[in-house]
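Presented sequentially are two complexes of chain A, the first with chain B as partner and the second with chain C.
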Partner chain A sequence: MGWMAIRGWALLVYLFMFLPVAVVVLLSFNSSEFGAFPMAGFSFRWFVELANNEAILRAFRTSIILGSLTALISTTFGVLASLALIRYRVPGSNLISTLLIAPILVPEVVLAVALLLFLNFLSINKSFPLLLFGHVIFTLPFVILVVQARLVGIRRDIEEAAMSLGASPVQTFFQITLPLLLPAVLAGGLFAFTISFDDITGTLFWKPGGVETVPTQIFAMLRNSISPEINALGTVMIVLTVGLPLLGAAIARQLARKSGG
Partner chain B sequence: MSAVTLKDIVKRFADFTAVHKMSLEIPEGSFVTLLGPSGCGKTTTLRMVAGLLDPSEGEIAIGGRRINDVPIHKRNLGLVFQNYALFPHKTIAENVAFGLKYRSIARDEARRRVQAALDLVQLPDVGERYPKQLSGGQQQRIALARAIVIEPDVLLLDEPLSALDANLREDMRVELKRIQERIGVTTIFVTHDQSEALAMSDQIVVMSKGRVEQVGPPEDVYNTPASEFVANFLGASNILEANCVGREGESLIVETSIFGRIPVPAGKAPKVSDEGPVKLVVRAEKLQLAARGAPAGDAIEVDAIVETVDYQGQAVRYFVRAGERQLQAINLIDERPFSEGAPVSLRLRPRDCAALPVS
Partner chain C sequence: MSVERREARQPWILLSPALGAVTLLLFVPLLFIIVYSFWLRTASGADQVGFYLDNWHEALTDRFYRDILLSTLKIAAITTVVCAIAGYPAAYFIARSRGNKAILLLLLMLPFWISYIIRTMSWINILGVSGAFNTILIALGIIDQPIQMLYNQTTVILGLVHFLLPFMILNVFVSLEGIDVTLEDAAHSLGATRWQSFLEVTLPLSLPGLAAGGLLCFVLAAGTYITPLVLGGPRDAMFANLVFEAIITQLNWPLGSALSLMLLVVLGAIVLIYNRYLGMAQLMKGLG
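Right after this comes the complex of A and B.
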């Protein structure tokens, strides 16, 4: 009896969480002008309109460029930082590790305002590179956590064996360490991309005038009216942010299986 | 000329000295074992030769050339680890060929050498497989093939048999020695297993607490231990407090409370002075139990009582009490072992004893 109640309750919680998402996806295929039930008919018209909306396309481009660059920079720094922290004895490595992970713990609003005030203090204007910088700061911890976990599992003697056979430390990294680390690097990169792609708090504070990412564009559109276009955009966002990590995880699993993970 | 020379090597970590002033000459083509318990500095020494650790003091030379400042990837050494350390993302053939990539060797020649190495370790057909598809023993053979295919100046083996099952370990021991003799490479072998050391080595270097206790061929180290530590670490020994009372021809007369006067051959007491306290080393397998009244021949005999019987199949280990002392004896079983509490006669031949100075 008790278990039944808990099960029912859990089901309700899930419904509460996912029903709105389902409604958005469902309504994005509604042919009616008004985003409400009952649905008038099935249509892709809002997706077509979305594809013709200059502002949204621009926001999409911005988001993808921002997300990709964030992923690239975060994984590069993340891998380097993890290597330094795990493979070498760096003075104060505990402190550095904590500092690098801290952005996860600090509320994003605080981080956002802090960076903004800091830039103000330095009299630096907001710009795209600074927006990128902000995204790198709070995606880096995720990359480091994922990469470190994998790096700990790569035995040091495998690298030592490679060096004893004549590979320099750099050759050893590219021949041995990086291929073994690849699943974690890809996973970290995908994390960074999706976090950057659907971030709104930091982005609202840091974006320069005239630059919109997809979330800030939706936010701006919602202030005027609730267009069914937004439902379509929401569906596209869901497919991207849920589908990409799933795809990434699948690829990572394949790679790990091949390399004996 | 020595293949490897260590001169006054010291290795300090922060506030701990792992290796104290160690000097060693390893002849070309020989199989030298660093033997000792964990923490004795044997692996640290190996890692310094490999270039994975820098010595704090002293010089390391390979083939007469000082290599302290040569990084590991330019030392041309073969290294085999306890856990195989094969590259999991490369096939067996790619693993074995890895070192050849950095040695400008033509592709056909490289392929021929990889196959020759795989043939040598008796796994000619596994080239296309991945490491985790092989058993532990097979992986260790591949690790060996990978290390010798580059024709290293020195082969360094860091407890290569320790991760294997007991049966496999003995097979691999024979196999490893066969391969080493076949290619004649100078080999440094690190182990904590005395039977491996005794079976495989030309020279054994017994180490304890960062110091060399004794260097010598297996028989010397086993029969004439240079210290109490060596006597106890290689096999089981009884160490008795004794007194040297003088010399008679080629023998030192050593007096013990249990066995009385024993003429110990001078060759087995090289560091002992003619008079004063000494330690008498009696190997457990040199102490024979017999029924009381049986003829003793040239052996010294004393009465004892069996206290504990540790049956081991072809042999048995007894703990017997003779006077105040408990002694250990390992005997082959003739008919049936003595039972606990049995009165026996304990026999010892003087030439099986060795004497050590009191440290």
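Right after this comes the complex of A and C.
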């Protein structure tokens, strides 16, 4: 009886989490003029409008470029730092770990203000580079946490074997370590990209006037009124951020199964 | 150079980009806004460099700021408690379910991948004047005119719970997974009822996860300004909204610095108290 109650409660919690999102998807196919109930009919018109909305397309381009550069830089910095922390005995490594994850311990608003005012003091105004710096520092701790967790599982003796067979340290890194590291690198990069793509708290502080990312564009559109276009944009975002990683994982599993025989 | 010296230097070379970034983009800026908070924004819009206590005096003595700080902490506390009450049984269900644990976990991770702004605005479709609730109530004949259910403190808390619940569930789940299931069976076989063995064995052992989830929920809720802007009314501003106002709207950067530091000190104190008693390891488990 107790277990049934827990199961029912959990079901309610899952409904609570997913029902509003499902309604966004449902309403994005509503053919009515207004972005709300009742459903008048099924149509793709809002997706067509979306594809013709220059501001939204520009926001998508900005978000994708920003997210990709953020992922590239954060992952590079994060992988190097994780290698140092996992592979070497560094004095004070606990303190270093804490310092490196400090950006998530500081409230994002405070981080946003500090970075904006300091870089402005150095004559770096609100601009794309400021956005990029902000996204890098905000995503770096997440990359380090994810990469470190994966790195612990890679055995050191394979590298030692390669070296003892005559490979140079550089050869060992590119031919042994990097391929073993690749899943961690990809996971870290994907994580950084998603966090950057989704960020709005810091982005609203850092973005120059006239530049919008997808979340700030949605936010700006919300100020007017909720239009069916926002629901369509939401649906596209959900498909991109949920569908692509799931598809990626499925393909990876398929490949692994094949290569595993 | 000897091999040992090179070995000793290598990790620092690997660490330097990340440490450099954290130093230049976080620690120095934080030190900078401490200094900046003692400057003065003059009527002309220029900063007067010096050591003025005006901003701190305003931030610390103005009732307006104090009231909003208190109501922010209250909203964060309510959000945390609701997340704990709603999240614990769900986490327990996932941890103890036999069959489809992987699917349940995957579903739990999905909200992390769905944009925060979309999850927040999705409530407008549910509770708005022409949202699902009003449509259903009118169709059932319970009301004739739509009711405005949005833009109050309750909807702000609702939005925050919706955003933060997965953090809570995940942290509790991680700690429940670490508990040996046979402990509960042992208590049971020694004569405890299921409920007793839960209260005496499982619940105490899962408290670290509950605390970690609670800390995350509280700190993230107390630092938000987007949710009140989307789901709150004009009088539902939280402390981070004041920071945003001071920096972006009024362009009073020295005052904005002082307000940011106030928020940092209050939330930092909570993190430090947590760290003192429970340590950061549990938190990292839930995040990684």
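The rule we apply is simple: the second predicted complex is superposed on the first by the 239 of 261 C-alpha atoms of A that agree within 3 Å, B and C clash if a C-alpha of one lies under 4 Å from a C-alpha of the other, contacts with A are read in each partner's own complex, and residues count from 1 in each chain.
By our rule, contacts are C-beta pairs under 8 Å (C-beta built on N, C-alpha and C of every residue); 3 or more make two chains touch, one makes a residue touch a chain.
What you see is a predicted model; the values in this text were computed from it and never measured.
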item: Room on chain A for both chain B and chain C (clash or fit); value: fit
item: Contacts of A:180 with chain B and chain C, given as first, second, both or neither; value: first
item: Chain B versus chain C as contact partner of A:210, first or second or both or neither; value: neither
item: Chain B versus chain C as contact partner of A:41, first or second or both or neither; value: neither
item: Angular separation of chain B and chain C about chain A, which is computed from CA centres of the superposed model and rounded to the nearest 10 °; value: 100
item: Chain B versus chain C as contact partner of A:92, first or second or both or neither; value: neither
item: Winner by number of chain A residues touched, once chain B and chain C are compared; value: C
item: Partner chain in contact with A:162 - chain B first, chain C second, else both or neither; value: first
item: Chain C versus chain B - closest C-alpha approach in the superposed model, Å; value: 7
item: Residue ranges of chain A touching chain B (in the complex, touch as defined); value: 155, 157-158, 160-169, 171-172, 175-176, 179-180, 258-261
item: Complex contact set, residues of chain A against chain C; value: 2, 6-7, 9-10, 13-14, 16-21, 23-24, 27, 34-38, 76-78, 80-81, 83-85, 87-88, 90, 96, 98-111, 113-119, 121, 133-134, 136-137, 140, 142, 144-146, 148-149, 194, 197-198, 200-201, 204-205, 214-215, 218-219, 222, 226, 230-231, 234, 237-238, 241-242, 245
item: Touching residues (chain side chain C, partner chain A) in the complex; value: 7, 10-12, 14-15, 17-19, 21-22, 25-30, 32-33, 36, 86-87, 89-90, 92-94, 107, 110-111, 113-119, 121-126, 128, 130-132, 134-135, 162, 165-166, 169, 194-195, 219, 222-226, 229-230, 240, 243-244, 247-248, 253, 256-257, 260-261, 263-264, 267-268, 271, 280, 284, 287-288
item: Footprint of chain A on chain B - complex, ascending; value: 50-52, 71-79, 81, 83, 85-89, 98-99, 101-103, 130-132, 143, 146-147, 150, 156
